[in-house]
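Shared between the two complexes below is chain A, which pairs with chain B and chain C, respectively.
Let's turn to the complex of A and B:
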């Protein structure tokens, strides 16, 4: 490592990122997780353009195991499972990203603000968090559905996002509280750093792998909540998701009929998406935390 | 230079700030240029809170802190003149960034237009002032450096600015004996450069070693303060006597300590200032030596006032 003295100054800010990238590109866990995720994402994004437009169309023979014509076989009604899978993958990513994303943004904003400001701001935000936490999401959903109806997957994702953030807010608030009292935060204040930058540059980087994990949990949670909502008939009726496929398979006794090709692809799909995110998270921990890098 | 005038700090605790906790009560003293003032007190006496108020990390509830006669809350570039170093060197650094980032933050805020070469020279001169080798500390992570190095790097950080006042809050209590004396002597050098230093400690012998003035704090109140040799040589407050009595000294045997007279019913403060003197307050026992009321249950006027 030879750093020319005159370049030393620029290194401090860009150096952190360049260094993180350096370790990220050499981290097997991160790369493996990312590869699986990207493959599934590409399949979900571009697959539906190539495959048949309607995943619920009755296109083939009923009850057919995987073959050259129907890669993942057909359902008991003769729907093509591969078509359903790639459409479902897209819906699953949408629910996970949108629902998890909204919940993560709200939870982090409230958690950081409450934890850093403390005092009366904390009391009010904490009260709000607790109210949403004890709100029976299902009952609220029933009421909303009765008045408005949930017609599309994005609406479902937004609803999931708006109700699933409280635990993130509470967890981040607690972490921020403990980090805020560390002396390096005081030192940043003595260096004239503004509160927003202290939160984003001093406190948040210390829990970046935790924040990412919170997002992964929210992502997985949104996918599963979406699947359960579909199951009880509160989801969009005319579309498909991996959760809905699983629930259809369960409803029509695929397991008892030996139709493994009906439930394994969607189950494996959800597991692969959430699992690859988890593996990435472990990898990111090593990238972000210099102490874990050294052997 | 830096002056505290009847400074109090009240924390609101409990839900919606229902209860009050008086951490600091009506404290007043002054730190002049080239002077080390040691602030001595046990845990919970309010000494760290005082340091945080001087560093504007906590708001002053009542009273005022002024630097050259101007309230510190209204000073724009306050941190150019006043900086602090804290107790725990390992917690003073953000563990995921390199240690020299603390220097870089100073540059971003205070010297944004300074050229790289000038900055480098400035960093090197302030590292030299704390006897650190640039190659040994720059570009390292905090966990790769020792406590003494980290603490000296923090002092170097403060020296990058042309500070006039340093708040040193227990800065050597987590260092081992050999690095301790290095850092302590470093404070002596800084004093020689004209810096005012507030040396917060619970260790009497350290206070005696470095300071010109001593302020003894108990339960948020000043019980005794004045020139160090007067406070240490002729302690008038029972609390100070107790503190000093617990330090073994070379020229006295423990049996002689027993001969200390019984506490009188009226403390020195109320004896000198009159039974009706307001409380809390300080009375000048001799030039440059102030004492407060004993209030430990032995002072009759104080007990009456409480009633």
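Let's turn to the complex of A and C:
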């Protein structure tokens, strides 16, 4: 993925930032992804304030195709699909942010510690990482959520975060390994700087672009896992999510009834969020890594 | 090399151990009395079934024994192949229910994984650094990988199944047939198999194509590529070397993606009511059939572990450095 900028870059931070900004503003992929994401985010954040408060309320005629009254039509029970959609978007962002955030924090903590300390600590953490890496996350989450009756979006997101960190830990560990023997880290160690400070001030800034991109990928991954859980039938019982909308559409036979307005918006919403994140990620990669810039 | 496999096997062994421990521990973390709540959740009408289940669960959990003994008993039952009795299909053992479903899931998953990996890599390598293809394939690839498996499945079922009416959208074979060994039945199987397969294939294909395309670009930037082209080597030869180098991370990527692919297969099966493990999970959740859910979980873990080990072996065969003991990192 990204290449760690060399140590000279740490000195000329401002120059690097200006350069990154220069390329960021001219990167079509980054801007396109960001635009889609921001539009959806605004819709998810502020939409529910404007629209009806209860996405599951029975407000309109049943089984109605999109119209001026109900932009995305209504469900078989007469719920407004647009209202469900914007509430679902909000849930999607929550799952991504919380799940991706928790996974990023755990991945960084384990990756930095294992890579910097080495030795037996590394052995143990690496073993743990490998075990969680091989365990299929969705299957574990199915068992946990079904047994413990987890039916709220935040709790679901926390558990997603707890299971999806390993690949980040692994990548960060590898990068930390290669950074820790560099001269500037040795210098910091010789001057008696504490390990925590070395990690946060010397090592982490040198892979900040990578950390940010890893978070974006974790965000997208959490959204997809959350949607799968909701679709299988472990969605929230008191609110709505895009995955749960798909679940409802499938359960009440929207396919056979030809109610395309019921199952297209939620899937499109998930695809747009995750897709724009991925495209942004490619754009960022090009911004941070000169080799990849368009020639 | 012995060290390499030893390490891998140790990790897989520990993973299996962790999975079994999760299976044992989670029900005991359930709020309240697990036996009572499971029996009440099972929604049984006949009182004798309730009594039977109550006795069965209490004996199975052995909640009056000390924890370590409960844990050992759990392992003992597992090693005898006893995964409990399904609630959904009451007195059928969970192991039987699962064995009936596994062939369908494997029949879907294995071809989808292998073909998408092969085709995606070929296509990604071909598209890299070719302006026109790069600009069209890349966005399509990103949209495909970002698509939730179940949504593409729903779209295909709707478009090709219901609107166009070309493919059936539910079941593993025609409901009018009973499984038998005739061409007609095989044809029905194939027809019902195609859409779930296509849907899995497409999403995974996008991911491999993009991964390979990026990898090839890195390789074409590498010193050896510049050196070769400075020597005047034909572009085809350089690309071939780049492909061979780029394929290694893709093999590792396959191992990393297994969990996601299995998850994709599960939700795809749910969409098509395909009679594999995904549909079993759906039924298990709908009927609060926890033994079935746990059994399926264990099966999935075992499957993923075996697949990981196969990939490890392939990696050793493909990459000479692992054989020489240089890449012993687990």
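In the analysis below, the second predicted complex is superposed on the first by the 209 of 295 C-alpha atoms of A that agree within 3 Å, B and C clash if a C-alpha of one lies under 4 Å from a C-alpha of the other, contacts with A are read in each partner's own complex, and residues count from 1 in each chain.
Basically, a contact is a pair of C-beta atoms (placed from the backbone, for glycine too) under 8 Å apart; a residue touches a chain by one contact, two chains touch by 3 or more.
Everything numeric here is computed off the predicted structure, so don't read it as measured data.
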{"item": "Touching partner for A:184 - first (chain B), second (chain C), both, neither", "value": "first"}
{"item": "Partner chain(s) touched by A:278 [first = chain B, second = chain C, both, neither]", "value": "second"}
{"item": "Chain A residues touched - chain C or chain B, whichever exceeds", "value": "C"}
{"item": "First (chain B), second (chain C), both or neither touched by A:158", "value": "neither"}
{"item": "Partner chain(s) touched by A:36 [first = chain B, second = chain C, both, neither]", "value": "neither"}
{"item": "Contacts of A:193 with chain B and chain C, given as first, second, both or neither", "value": "first"}
{"item": "Touching partner for A:205 - first (chain B), second (chain C), both, neither", "value": "first"}
{"item": "First, second, both or neither for A:59, with chain B first and chain C second", "value": "neither"}
{"item": "First, second, both or neither for A:76, with chain B first and chain C second", "value": "neither"}
{"item": "Overlap of chain C and chain B interfaces on chain A (superposed complexes)", "value": "291"}
{"item": "Of all residues in chain A, those that touch chain C in their complex", "value": "126-127, 130-131, 133-140, 142-144, 146-149, 167, 220, 224-225, 227-228, 231-234, 243, 246, 249-250, 255-256, 258, 260, 263-264, 266-268, 270-272, 274-275, 277-279, 282, 291-292"}
{"item": "Chain A contact footprint on chain B (complex, rising order)", "value": "12, 15-17, 52, 55, 57, 79, 83-84, 86-88, 91-98, 100-102, 104-107, 109-110, 116-117, 119-120, 138-139, 141, 143, 154"}
{"item": "Complex contacts: residues of chain C adjacent to chain A", "value": "11-12, 14-15, 18-19, 22-23, 26-27, 29-31, 138-139, 142-143, 145-152, 154-155, 157-158, 161-162, 169, 217, 221, 256, 258-260, 262-263, 266-267, 270-271, 278, 281-282, 284-286, 290, 293-294, 296-297, 300-301, 304-305, 308, 330"}
{"item": "Of chain A, residues touching chain B in the complex", "value": "1, 3, 5-10, 12-13, 15-16, 119-120, 123, 182-184, 186-193, 202, 205-206, 288-291"}
